[in-house]
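Consider the two complexes below, in which subunit A is the common component and subunit B and subunit C are the respective partners.
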Partner chain A sequence: MPFSYRRNKQLIYTLVILGVIGLTPLVTHSYVESLLILILIYVAMTQGYNLMLIQGDLSFGPAAFMGAGAYTVALLVHYGVSTNPVLNSLLGAGVAGVVGFVLGFPLLKLRGIYFAIGTLGLAEIIRLVILSTPSLGGGQGIIVTTFIQSFNQDIFFYAIVGITAAFTVFSHVIFKSRLGLALAAIKDNIEAAKSLGVRATPFRLLGFSLSGALIGLVGAFFAYYNGFVYPDNVLSLGISFTILTIAFFGGESTFLGPIIGGFAVVLAEQIAQNFILQGYQVVLAVLLVIVFLVMPGGIVGTLTGKAPLINPIRGLMNRKRAGH
Partner chain B sequence: MVFASYIVFWFFALYGLNPLASILLSTGILFVIGYYLLRFVLNPSIEHPEHQLTSTVLITYGLALLISNGETIGWTGNYRSLETTFSLGNLYFGQFGIPIVNILVLVMAFAATFGVYYFLYRTDTGLAIQACTQDRDAARLSGISFRKMAYLAFGISTALAGTAGALFILNHVVYPAVGLSLTVKGLTVIVFGGLGSMTGALVGGLALGVIEAVATTVLPSSLQDVVAYVILLIVLIVKPTGMFGKKFFFPK
Partner chain C sequence: MLEVQSVTLRFGGLTALNGVSLNVKHHEIVGLIGTNGSGKSTMFNLITGFYKPQSGKILFNDTEITGKSPEKICKMGIGRTFQIMKPFGSLTVFQNVLVGSYFGKKREDHEKSFRDHCLEMLRLTNLYEKRNKLVRDLTFADQKRLELARALSARPSLLLLDEVMAGLNATETLQYVDMIKDLRQKGLTVLIIEHVMKAIMLLTDRIYVLNSGQLIAQGTPEEIANDANVIQSYLGTDQFARS
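For the complex of A and B:
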């Protein structure tokens, strides 16, 4: 089927933006580049997370997958099993996917709020168990590499740009494929989907594991880029929450959303961190609350007109008059 | 709930108000906060069902973060605790000594539970609230304002959180992050006992307390919170309706 430019607008925009970003190393280095790398890490993870949202499952645990990927890499290097970065990263993604598959089995019997709580519980259990197990690094973490970052930063930069672009294309392909259609159907009305022969649980399981594998790959990347992993920098609830905020602020289940949301949220976080020393995550919370009060479709959703703004004041006044 | 603990703390520290009296204060303040919170802030989440699940969960989570980070900014992350005349006394039953504070907390907790039970089952307003949960439209047809009942119910739940917060600080140190693990434990208790059942909440709370107490002696300290999470997961997977849960609360 020919590639229609009009219908795939968002994908084009996203890739163009990524292309522009990809030119950065020609212009500047160090600080701006590292900021962009951070942003893109989150963007990539959110792209992976979007897959979950396409199937309508709210998960509070994406950090668990990041941690799975990161720790797999860390352990492989630490115990000297393998030092090839590409292989390790793929293995990291694989392990994360398997984790998603295994954990998904019991969890996906649940729906809605119960599923969300379940993912929260599992993510925290994983974090706490790793925290308490010295052989997995415990609270100290594991050092992955002693590369001096600034030498190789360009390589990392191109790698993450590539990963993000690949994820975006990948989500797009999935979205238009039969899997994507099935997931969207499940999200809309699970009973109708089932009655048409779409078996919900296997598809959701697949979506969940795939999403996990994608996030895990980014986790593996992070392990190499950052040099060391410990529970707070790859498994924390704060990371999950940031991903969530980006996903919803940018626009859930959209392609452009993660990039726009990623920039907005990460930049906001960095700025807030400069002004407010402790408790700067307030900014995330504020953004999230704004989304649901005023812009349920996120930035992209509102701009494409799919989810109009809710006017809270009019809502108040209507309620007083209508009175139900 | 942690906010309530802070209210009690500051009233004590700044004005020397006896914590027992401030239990009523914090309960009252939090009722008002809850009522108007639902009315002005969370209302959209009731009214827009296509985003209902994610929006409610995320808004409340966002608010929780907002409050706890606000506390960190405003009141710093230092640990706070109370020291009063009665906090160190014990009551002795033969060989066993139980701190007076704990008994007080137990009594108050039971009192609060009975209060809510009485309200829900023996007063007209309470029955009206139950009617709203069972069948929203039938209730409205019978002349009950769903909107007002929702505000009221939410207000009561935050008020109880206020009571809990006041009781909590009698016995524990308080700092902004303490909310997360407590929230999870609260969730665990509810899921374990079953949504919509007061007996369940009571039994669940006691059960969790006992299990946790046992676990602390067996497990290393960093795994403490895991107990609550694990129980939560087990319940969710094996019997999501909990022990006494009413069926109509469970989404398919």
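For the complex of A and C:
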């Protein structure tokens, strides 16, 4: 089938935005660049997280995968196993994928809110185990010192722009593939999907593991970029909920959603941090409540007419566009 | 082709099906009727692997399928529709059908491509013109047609239809009856649950009647229409009809 602009609009917009972002080091200074790196770390993780959402599995613990990737890199460097950043990052992604596969076995027997609570519980267990295991750094964490840190920040910037673009294209390929069709069918109605021959559990397991691997790769990147990992900066609930808020604010299961949501949520968080030191995450909670009440499809879902815009008092506002 | 041998299924203290046997031969259209809650849809769920019976056996083309997963049973050639429609709401009509075409029974080398097969199923069910619409934009009757198109897309040799004509008007019902007759012409075998008696009488070669999980009668449509047991438990008495 020839490449069609209309069918691939969101992919094209996302790549164009990333291209423009990629030019910023030419015109701006390092603070903006480090802020963009932080935003893109979340955008990339949310692109990975979307793979879970297209199969209808709402996870409350994506940070577990970020942690798996970051800790793999940290341990490889710390124990001197390998200093090759590309190899280590790929290993980080691989370990996160395996974690997804192993945890997916028991978790994917659950659906809906039970699955969500299960992921939350397991992610917290992983955080607590690491926190109380000295050989894994415990509460002190692990310093990741390599030659890369001596490089200019630009290299990290271009790397994360590249990773985000690659994830967007990868997600697009999955969305348009047979696997994507099967996952969408599973999300809409798992019984009907099974009755048409879709092997729901293996497909969900594959989607969950792939999603974990992508988030894990970003975790590996973060370990190198930050130079220090400890349970609270890669495994915390706060990270999981930031990813979740970005996904739903931007528009779940869309390509453009993570980038719009990423900018909005991370910037809101940064601004709020200046005013409410400890409880700044209340901003995320308010954003999530507004999204669920007013535009359940997020910004992109509402703008494309795939989901309704709702006046919480009067009900649907764009009844016609939403096809209701 | 399909042989259900004395299956029993209990949900806790409730016996949904009690030692029920039935069989369907190649190219037959067989009806399964009964009051609400008599176990008809439960029987479909057993045959298609969504439930596992406590006792009894189910054979399809002489192979035992009792307790196999719904996916495996679909790939063996049993397709079904659901009483409460279960469309893939976020997908287009064409994509709904494509799921069955891709993942259903394996395509033989001489058969049409996945996409051509889907388009043929959509033409057969008069949905071709609406193939790019989202399912939620379809009328009720079209959604019922889509249930059939989707079940057919998985290339079944035995098709289980669960109240596909419920809620359709007289014209739509007759169109649906013609569609099912066409399917038999194309070599399909059909087991159908239906409350629209006119359709059942027009379509079926044989009928099984369930009541409270028990098989109370079986025979040709004429025999069933005149069976005292069936009249009393399902079709209603003359006296009731007159009141």
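The definition used in the following text is that the second predicted complex is superposed on the first by the 308 of 324 C-alpha atoms of A that agree within 3 Å, B and C clash if a C-alpha of one lies under 4 Å from a C-alpha of the other, contacts with A are read in each partner's own complex, and residues count from 1 in each chain.
Operating definition for what follows: contacts are C-beta pairs under 8 Å (C-beta built on N, C-alpha and C of every residue); 3 or more make two chains touch, one makes a residue touch a chain.
Source: prediction; values computed, not measured.
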{"item": "When subunit B and subunit C are modelled together on subunit A, clash or fit", "value": "fit"}
{"item": "Partner chain(s) touched by A:V32 [first = subunit B, second = subunit C, both, neither]", "value": "neither"}
{"item": "Contacts of A:V102 with subunit B and subunit C, given as first, second, both or neither", "value": "neither"}
{"item": "Between subunit B and subunit C, more extensive residue contact with subunit A", "value": "B"}
{"item": "Subunit B versus subunit C as contact partner of A:V198, first or second or both or neither", "value": "second"}
{"item": "First, second, both or neither for A:A184, with subunit B first and subunit C second", "value": "second"}
{"item": "Subunit B, subunit C and vertex subunit A (Cα centres) - angle in steps of 10°", "value": "80"}
{"item": "Which superposed partner A:F241 touches (first subunit B, second subunit C, both, neither)", "value": "first"}
{"item": "Three-chain overlay, closest Cα atoms of subunit B and subunit C, distance in Å", "value": "10"}
{"item": "Footprint overlap on subunit A, comparing subunit B with subunit C", "value": "323-324"}
{"item": "Subunit C-touching residues of subunit A, taken from the complex the two chains share", "value": "178, 181-182, 184-185, 187-189, 191-200, 306, 323-324"}
{"item": "Interface residues, subunit A side, partner subunit B - complex", "value": "58, 106-107, 109-114, 116-118, 120-122, 124-125, 128-129, 131-132, 139, 190, 237, 241, 244, 248, 252, 276, 278-282, 284-286, 288-289, 291-293, 296, 310, 312, 315-316, 319, 323-324"}
{"item": "Interfacial residue positions of subunit C with respect to subunit A in the complex", "value": "48, 50, 69-71, 74-75, 79-80, 82, 86-91, 95, 98-100, 102-105, 134, 136-137, 150-151, 153-154"}
{"item": "Residue ranges of subunit B in contact with subunit A within the complex", "value": "40-41, 43-45, 47-48, 51, 53-55, 57-59, 61-66, 68-73, 76-77, 140, 145-147, 176, 180, 184, 187, 191, 220, 222-223, 225-226, 229-230, 232-233, 236-237, 240, 251-252"}
